[in-house]
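This is the structure I want to talk about, given as structure tokens.
So that you can tell them apart, the chains are marked A, B, C, D and E in the order they are listed, and the count of residues begins at 1 in each.
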Amino acid sequence: MLNQIVFAYFAVVILFSAIMMITRKNPIHSVLFMLLLFFHIAGVFVLLNAEFLAAVQLIVYAGAILILYLFVVMLLQVDREVKSARANRFWPWLAVFGLMIAAEISLLVLRGSFPAGNDQTMRMAAGAGVRELGMDLYTKYLVPFEVASVILLVGLVGAVMLAKKTEN
Amino acid sequence: MVPLSWYVLLSAVLFTIGVVGVLTRRNVFIVLMSIELMLNAANINLVAFSHYLQDLTGQIFVIFVITVAAAEAAVALALIILLARNRGAVYVDEFNILKG
Amino acid sequence: MLELIPNQLGYPLLSLLIFVPAAGAVVLLAVRNANAARWIALLFSLVELGLCIPLLTNFDGSLPHMQFGESIPWISAWNINYRVGVDGISVLFVALSALLTTISIMVSWTAIQDRVREFMVAMLFLEAAMIGVFMALDLFLFYIFWEAMLIPMYLLIGVWGGPNRLYAAVKFFLYTLVGSVLMLVAILAVYFQAGGTFDVLALMNHKFDHTFQLWAFAAFFAAFAVKVPMFPFHTWLPDAHVEAPTAGSIILAGILIKMGAYGFVRFSLPFFPNAALFFTPAIMALSVVAIIYGAYMAFAQSDFKKLIAYSSVSHMGFVTLGLFALNSQGLEGGLLQMINHGVSTGALFLAVGVIYERTHTRVIADYGGIAAKVPIYAAFLMIITLSSIGLPGTNGFIGEFTIILGAFQMKAVYAVIASLGIILGAGYMLWLYQRVAFGTVTNPHNEHLADMNLREIAAALPLVALVFVIGIYPNAAFQVMHASADNLIKLVHAKTQVLPSATQAISALAGN
Amino acid sequence: MSITLQAFIKQLLPIYPEFVVLVMALTVLLLDLFVDRQHKAILGWYSFTGIAIAAYMTVKLMGVRGAFFDGTILLDPFASFFKLVFFLSCGLGILVSMKYLDIEDIHRGEYYSLMLFATSGMMLMAAAGDLIVLYLGLELMALSIYVLAGFMRRDSRSNEAGIKYLLLGAFSSAIMLYGMSLLYGMAGTTNLNGILVFLRGADLTNPVIFLAMVMLIVSFGFKVAAAPFHMWVPDVYEGAPTSVTAFMSAGPKVAGFAVLLRVFVHALEPVQSHSSDILAGLAVLTMAVGNVLALSQSNIKRMLAYSSIAHAGYALVGLAAATAQKSVVVDGAASVMLYVLIYAVMNMGAFAVVIMLRKAGARGEEISDFAGLGKTNKAAAFLMLIFLFSLTGIPPMAGFVGKFYIFKSAVQAGMVWLAVVGVIFSAISAYFYLRVIMLMYMYDPKEEFRPLQSPALALALAVAATAVIVIGVRPAEVLEFARASVAGLL
Amino acid sequence: MLKYALIPLLPFAGFLIAGIFGKYLKERAATVAIGGVFGAFVFSVSAFLDVLRGQVINENLYSWIAVGNFSVNVGFQVDQLTAVMLMVVTTLSTLIHIYSVGYMHGDKGFARFFAYLELFTFFMLVLVMANNFLVMFVGWEGVGLCSYLLIGFWYEKKSAADAGVKAFVVNRVGDFGFVLGMLLIFVTFGSLDFAEVFKAVTAGGITQRIDLLGMNMSVVTLICLLLFVGATGKSAQIPLYVWLPDAMEGPTPVSALIHAATMVTAGVFMVARCAPLFSLSHTAMTVVAVVGGITAFFAATIGLVQNDIKRVIAYSTISQLGYMFLGLGVGAFSAGIFHLTTHAFFKGLLFLASGSVIHALSGEQDMRKMGSLRGRIKITYAVFVIGSLALAGIFPFAGFFSKDEILWNVYNADTLGRLLWSVGIAGAFMTAFYSFRLIYLTFFGESRMDHEVEHHVHESPKIMTVPLIVLAFFSIFIGFIGMPLVEHGNKFAEFLAPVFPAASHAEEGAGHGLEIMLMVFSVLVAAAGIVYAYVMYVKDPDMPKKRAEKWPRMYDLLLNKYRIDEVYNAVFVNGLVHRLAKFLHTVGDVKIIDGFINWAAAAIGRTSERGKKLQTGFVQEYAFTMGLGLVVLMGLYYVLK
């Protein structure tokens, strides 16, 4: 019961801040709502006994990525944003279209059935989950882990290569 | 007890909001963040499932998703900076020399 | 049933016939000098022609079987073999292709000045493909050659053609392509229906179920009818002919459009006899329409080449009429008429080319009265004209008469209408001749026209000779066909359980 | 639990090729610091040798089969076949790049390392036995190519291509991810075999499964440029540096088909009754869009972009056939594999010729720039002739063999209608290919110019042309190879 | 055997030599040519003698066409009928060759002319010697070809070229019937050999009947009618006679040889050859007789008023051919052939003589520009009169015997014999009238010549006059070979008897008395014609004008040959061919077929352009399209499940 209330709270805030995020004129506001959203998603993760992920969510997403966004947003003059239209001219149609997608997905999802899982905390105590995670990550998912590192490298190289001031 | 379907529904709606954002907003940053919304929707799914399935794969998947998102964001922002530099364009609908 | 008699000669004759021109094309790629290119091309085409001598002398006309057969596994996964052979139906066309290619090269000697080497490469490549089409006994192989022909022909028209060549070239290419891709699908369907074989002989023996036959026949028809060309798929032909260079027109009229008819005989009839019978009324109707319609079109033309092109439509109408009469007169007449048309129309285009090279106009009105200036040319043109209007003693008569005879036995009314076509034929051809050769010279340019030179006469003579040889002793050709033709008819009737309707013409004439 | 080095090396065996490519990519980055701007081509040849070595290893590993790293990595003929195709396209891509990069003045080490990264990503996609690896491989490839597309930093067209590709790519992979999450939620595992096992026992009317399948189709369809997910293709192809366009018209598309085959023929095999119909529909739409829109293009790169869409359509026909009937799986899949191989070769060849026309000053991308090429540069024109007829599917070029096999398996699967539609569209396609030939041979050159020439480019053209002719005339071996490689899927 | 083969081959050899080496031979070509035909003549004589000795031969040279159950040989047959034709053809051919040497002297196409004549002789001989329909058809079309070439001999003259084409095409129309006839013969009898076909016929048992356009007729009838269509083409009978008058554009010797003596009689010969067939079909015979009779009368009426000397003779030819068919039609085959023979000689004579006149007047053909020539060119005058008397059928000239035998048979013919007989008599009257009208206009009255023409008038050289004299001799005496009222029938009929079925002989019909009466009557009629002509054109020269003014319509109609040519031109040449062709081309090919093709192409092009517009370059619209695709696919769940 309590869980449900907590979940409801998180869900409401998440959806609210999402909607705010995509409707703000000023991207900086959007970024801030995004921050809010991430926090609450982290909360949902906690609710699902994924404390480690919650942490990652906060540190990487909120801490790193969003801040990066913030920098760039500020780097490029955004005051233009205030004057000009925020959405392209079809936005009402697209909103309706969005509702269609939502309806369809949720319809299909609800009509569907998932393998009966029972909502109980994982057998290993909180925190121990992290070790399990680590073990899997470095044994079973070794290759993907390495690949992920390469991806980051590519991102790095790419970003530097593209964005660094042009010589000559 | 929170039924699984609630999480799924939440993620579905979040996903949709992301889609709408991608489709409607002119500001490229917000478009990018909307995509992040969609990713997060997927993440919620993954974590929820992994919880209900008593299986960690979902969580691991999420870690990778976040990593990728970071790299993607880096490249994206680099390109945006280039465009802003070369053409002063930060609006998605300003990227339309190429068409036809 | 038909079988493939392995090649008894010490050397792979048919493969040589296919690959000698191809080799010539490759050799030419290395040549720079235009004149050298001409001579080398001529040399190779003559060698090819020489190879036809053992082909014809060693061919045993008494057998219906495929001779000089060669069969090498090619793509075993699809059960595709490099399988070639000739029978009484195809052997003559091989020889004709070789002859006409040589002649085309000779007439292009001075007419083609630009990119001579490429031109000759295209010619030889084309020859290889054409000969391959007539020899292929594997549907896949056949289709390869069939399509490969398009490339050089497209270039011949497009690069060395007249002012409106681009339109003509593309029209030719697309028209033919659309037709043949449908055939491709049908070929695949046939392959699976017959349990995974492209072997023509095996397919001849396979009995397809009726509805399948209808569809497959229709698809093959799309390809062949366009090539022939049958009414109403003929409109690419005039354009192509008008724009193509002389050599192109000769090959186009002489060989390419025969392949449609050849396809009917080689594939459509033996594979899908029931469908053939089912469609016969429609096809014969289309044929007579083509005969009359083509003749009328010819009357309306003011362009030398266009007129001849439309006359081809009319003549090919005779061919299809004969083939689908499904009796030996019609079939053999049709086959002979294919050769005749190759000879006569080839010669006609040669004649046009000769005069065009001097005057650079194809407008009939620009001529008139040249008979006085160029007597040899006039005589040549007269002979060909007569052969094309089917005067007895020339090849044209034999073909048309036997065809009409065959058609008459199948359904008399078609023969009657077709004979009307003969009257019209005489009309437009003689009118053409009159406008070109008779009267007084009206166009000052023609005052000092040079008569045919030795090279041109040399190119023309074999055709003139054939006109009379076939006209006076057609059995020489018929004897080669008999066995194969009879066998084909037997096959069709055996598969359809319909007995040859030799002399029911009386009732046919009565229309019942 | 400490493991000796040998043991570790031994463990890595199945991913040696990927390993090599990655190592080369990294070393290129390092070497870049020591090579001055005039001699960057060295890096090109260096990476080329890397590709060669990787190819050699892949061939060596042909014998080994199985699932490694807890089933996340598969080593089977199927994967090997595609790896070789990737090496082919990457190798050709590198060869056609060198001179071009000089002209564009963007000759940098990163270029080659990114190509290698992209290649390794594709290899992982082909070898993935697990949704996670698949996702990461795909992202690795995609990310590298986003950067490559935007590689001409000072050219805003290139930047635009990059950002467009990135935005849409991220969008599509978000959709894919959502689909994957649902799949995971159903099956409880991300392992492809696990998913197969689950679906075998599952109730297939469950809409969630369908939803997941659809989302995967959308995102993979995006990668292979299937309509209606194709719209990025023309823009990105036009904007990106031509050499990159050449590369990405081959590599990523082929990788996309590798994944499509792996997922829809193998993992989602039980739901084929649905996927097959959908794929057939997409195939028709794709062929239509590609061929029809290509007719009215004036920019050769755009034209080839649409043509590549059309070719994706043909390949999808084969895929639909493969998923339509159990009896056709081998031939259907093999036809797709053979087709993408041939397509990669002939398309790279065509782009190589386009690159030859790139001359300082003019971009040389207008179709009209081909006017009179038959006079000014016989060899280039003749090669282009071969590639274009091959793309049209006229024998005796390889393109015909590819199409033939595709339509053959379609007919075999009883999809005659699909084959008919396909051949009709390929007949239409003849028109716009012929237009180029027409310009080359039937018009006179606008102005004299010396096309780009370099040993690398010559080598690339030679390889492509020979391959096109040889496969066209003697397809038996390649065909057998493709058929044998299907084994990995079953 | 060789002997017979040589008969056609010698002229052919002559043709090849004169044709190929004409450029070098020049006038010597004539010698070659004459050698050729004379050789043929010699062998023909010997062949004729063989036949007289009763040695009829029928030999096949080689198998020509053999396809399935259809097989035709190239073969020759020399029986009585052929023998007669051989004599006629070779004799006239030789004479006319000789005559031409003088007539064509100095023409730049001299060698070509003789080559053509040789070729013609060859084909004509093939025609008469053929032993089956197909070989006969070869000669049949071959002579047509030569007539085309010779009519258009002076091809610079448009009218000449036109006339040639007209002749050929009109003949083709006839041949259309001939060909169909052959086809029907083959499917009925399974062969095209005369011998076999006629054997089958006489054996009887050919009873198939056909419903054609509602009429029910026997196969034989249909065959005969079709063949007769061919005959009307060659022998210029209604409705296909129109080409013959125009054929006068050719050089006069050609008119003599081809359009009077030989080729135009091929139709008659062919019907006679097929006598066994025709005699089986009463209907067909009637048709032949009626067409012949009408043509005889109709052509004569036109002949009355023509002013071109050659055209008058041309129409008289048509009319005489009509008589021949009239005879054949009533079963008097030998009579028909007899008239053919005599006609060949005197009509050949008339043409050559007129040629001599034209030659004398340096090319003038209009009788209104002649007159009072009888003193100036005596020989020509003399032979002209002889020829005309023969034509008019005055005793004892050749025409008398043959024509009267025909009329006598017609009179006795069962069906509408009397009617046709009276038509024939009327024709005879007109014949006499116009032939003497011609003589009076040309040789009597005062001169109406232009001056320079006048003082160039000269008699033709020996080489022309000698043949004239020879022909004149024949025109007088040839008739006696068919003299009636002698012991057991006339020799000619007797000679030909074996090749013809026993015709209803007049002897059975009525006694000699009636026959003599009719003869006298017809002679009187002819005489009347001559006198009337004399009155009109010598006694009272402006009488014609009065007559013309009295019946202007009538006169006009005759002068313009009933405007048949105009009608044919309007209906067939312009209407059914050229107009229709233009229409079909513009509508059928250009508008409909190509119209559709180009429309389709354009449609695809438009679609392409429109489609391009969708590619707006806006990322979000691309994304939207993807989303749309997603939605649709998701929706498919409800369709597919």
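Note that a contact is a pair of C-beta atoms (placed from the backbone, for glycine too) under 8 Å apart; a residue touches a chain by one contact, two chains touch by 3 or more.
All of these numbers come straight from a predicted model, not from anything done at the bench.
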Distance in touch steps, counted as few as possible, from subunit A out to subunit D: 1
Pair with more cross-chain C-beta pairs in contact, given C-E and D-E: C-E
Chain whose averaged C-alpha position falls nearest the assembly-wide average: C
From subunit C, the most remote chain by mean C-alpha position: A
Furthest chain, CA centroid comparison against subunit B: E
Distance from the mean Cα position of subunit D to that of subunit C, given in whole angstrom: 44
Rounded Å distance, subunit B centre to subunit D centre (Cα mean): 26
Computed distance of Cα centres, subunit E from subunit A, in Å: 104
Whole-Å gap separating subunit A and subunit B, where each centre is the average of the chain's CA atoms: 7
Interface hub residues of subunit D, defined as touching at least two other chains: 132, 136, 139, 143, 146-147, 150, 153-154, 162-164, 167, 171, 175, 182, 185, 188, 207, 210-211, 234-235, 297
Numbers and ranges of subunit C residues touching at least 2 other chains: none
Multi-partner residues of subunit A (at least 2 other chains): 88, 90, 94, 97, 101, 105, 108-109, 114-115, 141, 144, 148, 151, 154-155, 158, 162
In contact (per the touch rule at the top): chain pairs: A-B, A-D, A-E, B-D, B-E, C-D, C-E, D-E
Touching residues on subunit E, where the partner in the complex is subunit C: 23, 62-70, 134, 137-138, 140-142, 145, 148, 152, 155-156, 158, 161-162, 164-165, 168-169, 172-173, 176, 179-180, 183-184, 186-188, 190, 208, 210-212, 219, 577-578, 580-582, 584-586, 588-589, 593-594, 597
Residue numbers on subunit B that touch subunit D, as the complex places them: 8, 11, 15, 18, 22, 28, 31-32, 35, 38-39, 41-43, 45-46, 48-50, 53, 55, 57-58, 60-61, 64-65, 68, 71-72, 75-76, 79-80, 82-83, 86-87, 92, 95-100
Residues on subunit D engaged by subunit C in the complex (per definition of touch): 374, 389, 394-396, 400, 404, 407-408, 411-412, 416, 419-420, 423-424, 426-427, 430-431, 434, 437-438, 441-442, 475-476, 479-480, 483
Subunit E-facing residues of subunit D, complex: 163-164, 167-168, 171-172, 175, 205, 207, 210-211, 214-215, 217-218, 221-222, 228-229, 231-232, 234-235, 273-274, 277-278, 289, 292-297, 428
Of subunit E, residues touching subunit B in the complex: 612, 615-620, 623-624, 627
